[in-house]
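Below is one structure, written out as structure tokens; the observations come after it.
Labels A, B, C, D, E and F are assigned to the chains in the order they are written; within every chain, residues are numbered from 1.
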Amino acid sequence: YDLSVVTGTQIGRVNGLAVMGSDSGSILPIVAEVTPSQGANGTVIATGLLKEIAKESIQNVSAILKKFTGRDIRNMDVHVQFIGTYSGVEGDSASISVATAVISAIEGIPVKQDVAMTGSLSVRGDVLPIGGVTYKIEAAAKAGIKTVIIPKANFGDVLIEDRYRTMVEIIPVEHIEEVLEVALVPQNREVFLNKLKKLAAEPAKVFESSTGAAGSHSAA
Amino acid sequence: YDLSVVTGTQIGRVNGLAVMGSDSGSILPIVAEVTPSQGANGTVIATGLLKEIAKESIQNVSAILKKFTGRDIRNMDVHVQFIGTYSGVEGDSASISVATAVISAIEGIPVKQDVAMTGSLSVRGDVLPIGGVTYKIEAAAKAGIKTVIIPKANFGDVLIEDRYRTMVEIIPVEHIEEVLEVALVPQNREVFLNKLKKLAAEPAKVFESSTGAAGSHSAA
Amino acid sequence: YDLSVVTGTQIGRVNGLAVMGSDSGSILPIVAEVTPSQGANGTVIATGLLKEIAKESIQNVSAILKKFTGRDIRNMDVHVQFIGTYSGVEGDSASISVATAVISAIEGIPVKQDVAMTGSLSVRGDVLPIGGVTYKIEAAAKAGIKTVIIPKANFGDVLIEDRYRTMVEIIPVEHIEEVLEVALVPQNREVFLNKLKKLAAEPAKVFESSTGAAGSHSAA
Amino acid sequence: YDLSVVTGTQIGRVNGLAVMGSDSGSILPIVAEVTPSQGANGTVIATGLLKEIAKESIQNVSAILKKFTGRDIRNMDVHVQFIGTYSGVEGDSASISVATAVISAIEGIPVKQDVAMTGSLSVRGDVLPIGGVTYKIEAAAKAGIKTVIIPKANFGDVLIEDRYRTMVEIIPVEHIEEVLEVALVPQNREVFLNKLKKLAAEPAKVFESSTGAAGSHSAA
Amino acid sequence: YDLSVVTGTQIGRVNGLAVMGSDSGSILPIVAEVTPSQGANGTVIATGLLKEIAKESIQNVSAILKKFTGRDIRNMDVHVQFIGTYSGVEGDSASISVATAVISAIEGIPVKQDVAMTGSLSVRGDVLPIGGVTYKIEAAAKAGIKTVIIPKANFGDVLIEDRYRTMVEIIPVEHIEEVLEVALVPQNREVFLNKLKKLAAEPAKVFESSTGAAGSHSAA
Amino acid sequence: YDLSVVTGTQIGRVNGLAVMGSDSGSILPIVAEVTPSQGANGTVIATGLLKEIAKESIQNVSAILKKFTGRDIRNMDVHVQFIGTYSGVEGDSASISVATAVISAIEGIPVKQDVAMTGSLSVRGDVLPIGGVTYKIEAAAKAGIKTVIIPKANFGDVLIEDRYRTMVEIIPVEHIEEVLEVALVPQNREVFLNKLKKLAAEPAKVFESSTGAAGSHSAA
């Protein structure tokens, strides 16, 4: 098990990206596993010395899981493990990595290991901007990563050196569905894409509403 | 996803207003999502580094939710996310924003994104005064907001410069029903307004009472 | 919603009294609301930055609620909100105010807003002495309050200036039943007074006892 | 309600004794109330700013309650209130006072208010020695108390001045049953004493045992 | 109740041994009581200002209880009280004392009060070495104890003065069963010894195993 | 019970390895026991003054247990005891030792005591690198251990002196199944090895998946 796995596929493992100090990036592997719940109800157990914002981001990711998988996660324990983070995890920029790792583990769909990603998440699935995007992309390129997923709102912040430009493809995204479309390798791609499309079109309809409306979801 | 969405409508997203330091305001987006509960009972999960008063305000908002929606929120998890608050949220002036975002998410009714709002809340639905109302209105105007909802008790505190006067309409309110009437865009407005009227007229009747009375609700 | 409501009636709202610093008093509004419980069992949720003694007083008030209302509060969430207490609530002198606000909310009986009150409570319903009674009465008088309820044990501590003497009536009380008799405005007063009398006569008989006795409740 | 009640009887109220500073004693009233439980299971709620040893003593008293009353306290909430302890309660010398107050409240048996008491308790009902016994007895005498219950192990520590000797009767005890026999005023004394005797003779037999024995309970 | 009981027998009481400062020992009485559980499930409640290692040792003792008594302790509350420990309990050397006191209370078997003991415990019942064994034995001898149980691994550490050698018998043990055999006084000794033998031979077989084996339990 | 057991077999006991200070290693025995759960659901109780990373590693090990044993651990309490760690346990390098001890206890399969091991674990069963591997191997050799299991990723870090080379066999591993194959002594080895093989081939399939795939598990 090499901490910098950058080829092939694995279920439940995602190459996240972190900023080290103020001016360098690194690969931050995240591994997820799902088991039948040990207690009366399932819980999400995240390890790796997560600090306050990082812990909150795990709580928000669980909102996405419940909605995306369409499964009753009440009888699952979800384990999320940040690997090699002996000095702690500070921010929420691993949110899309965590969501991807856990959805991979729950659904049994492999994740491409030559893809790395960074991005925060709203509880409704929107990918929000993060810091240090240039350092993170360069670290991914140096490690042998071929594709880096970043928030669309950070696209203007990308100032990487020319020599890295040809090493990695940068994919800006707005919603968690786009992340999953790029990073996951489902057995039946057509069924999978249809499922994603439905989720994107109708993001939050979990309860019947008498007075409400489907609503035009239009962000400016 | 732009942090300053000020047009169109979105389910579960409200433009709140915050004071930065002591003399400037800013937009504070609040996003809510509702999912089937993961545990045996539903919980309200609020993130964004909320400090003590802000955490208490979330507890008070849940009193409003239980009463307003008329739904059994016992089997829902309610996620409330303050966006971009990396130095924490201090006060309770986002209470009406939180209530509006969550009611939007539960009922599936879109929220106008050109409306911003600020106001504290009593557990009975009364809108209570807040601080920094002038700075908040000016920040909303600069960001492109067209309508700002404020507590009626703060109306005398509004001292905005002339150039902002024509940019935004200021709507003073006394009760949460008025906030919802202005900010939400229900599919069937007539059904919605009738529901609000009933709630305003009979605010707290959840248990039968043998010795009590409907009572004349008269604030001086 | 004016923080100094002193006329009319409201369900679930009581004008408490607090000491500010060491030599002045102020009105401390307390608002209560009762909703069906969100969790498996009901809880009492108190907000307003309550410090240790104030938090303990809320626990003691719940003993009174269970006994007084004769209702199963196991399926209710009771919300108690101290309004405008941004620097915290220190003592237990609001105990009778909290008890009155919550009983009003549970029973749906309006509270007179021209009444203010201060007093600690034993878990058996006895009104216990508090501090700063003179400052509190003067603050109530200045705010337009007509009646102030105080603990009988504090009656000798009242040293208010002459100009306030004619502005407010001071009512010393020994037991929570007397507070409710003065402050609440039930639809059917006769039924209500009978209920209070029964509670006062037989304060704690909730379980059958084989070896015990009704007991002569005689305080010296 | 006078904090120094020293005549008549009351259900659920016991005159405990405390040491103030290092060389004076005072009356420490303890009031108990029992209500149907609010949660799924009953709890013991103790207030009065109890410090660590005092909190632990409440946990130990609950062992006595469960055994003594022979009642299922699983559906009761037991409220124990230390009155007027604004600087906190430090030790465990109020253990027998708490046990007596709660047993009085559960059984509905009045407590003599001219009795004061001090003593620690083992979880098996043995009364253990405490500190400051002389200061406590003198404080009781000054307050008008007629009888003071103390641990037998402290009898040799009693060095009170002559003028107090004739004011109070000192009763040294070894087991909680003796405390109850002195302090409680049951309606039917014969039934009550028989119940106490049975408890003293067979203190801990709550489960059937195949290999054990009734055992000779002989303290040296 | 004398803190230094050293004759006769008692149910649920064991003379433990502690080190005071760095060079003297003392008797540390431990009293246990078992009652029907107050909550939905039984708990172990330990008092006496236990510090971290001592608290952990209580958790480990509960593993022994569950296995040894063969009873469903799910409906029992187990109270463990360290007597007279106003400056706290630091280590885990009272583990065998706690196990013995609780097994005595559950089974109703008396404990010899002229026996004192010290020893840590593994979760499988092995008696592990402790510190200060010489000081502890001397303190036991001075107090009038006739028999001291110590861990076999500490036998080489015993350097007591000649005058104590004749006062106490020292019994080194390897497993909790040996402690119980020495300290308990069952009504029917034959039945009791058979039960202990079975436990020693087959220490951990609580679940059926398809691929495992009874195993040769051979410690070097 | 000698803390350095290095011969024979024991159920539930594993010789882990720790670094002391910065330049020496030591044997760190870990003992596990499994009992019917005391509460409504099983819990994992780990003692030995575990610090934050060590506590998190216990949570991750429970993911492995649930998957590996194929048993419903919901009705078991799992006790994990680090022996002799009075200054605490810092890292996660005991993860494979804990997993092995607990699986031994649950399945009733003896562990070879002449084997020592060190290694971190992912929630999916991969053995991850640790620190101090050379010091640990030397400590094992000195203590009389014959076989040391280490993470394959640490194989290049092994720089032990020649005299130790002939004393111990070093076995580098990549996955928890390899650890169990070396350390456990099942009654029926063939059945046991088949069970391990199935687990290695199909690591995480606990829920049915409609859109996923078995996936090619290929680490670079």
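Assorted remarks:
Note that a contact is a pair of C-beta atoms (placed from the backbone, for glycine too) under 8 Å apart; a residue touches a chain by one contact, two chains touch by 3 or more.
Keep in mind it's a predicted model, so treat the numbers as computed, not measured.
Annotation of subunit C and subunit F: not jointly contacted by any chain, touch as defined at the top.
Where subunit A touches subunit F, under half of the residue numbers in use are shared by the two copies, so each contributes mostly different positions. Matching the C-alpha atoms of subunit A with those of subunit C calls for a turn of 120 degrees, to the nearest 5. With chains reduced to the mean position of their C-alpha atoms, the one farthest from subunit C is F.
Subunit B has its Cα centroid 30 Å from the Cα centroid of subunit A. Centre-to-centre spacing of subunit B and subunit E amounts to 60 Å, using the average Cα coordinate of each chain.
Residues of subunit B in contact with two or more other chains: 40. A ring topology is adopted by the chain contact network, closed into one cycle in which each chain touches exactly two others.
Per the touch definition, subunit F reaches subunit E in the complex via residues 1-3, 5-13, 31-40, 45, 47-49, 71, 76-77, 79, 81, 83-84, 86, 105-110, 113, 185-188, 191-192, 195.
Touching subunit C in their complex are the following residues of subunit B: 40-42, 52-53, 56-57, 59-60, 62-63, 66-67, 72-74, 122-124, 126-129, 151-153, 174, 203-207, 209-220.
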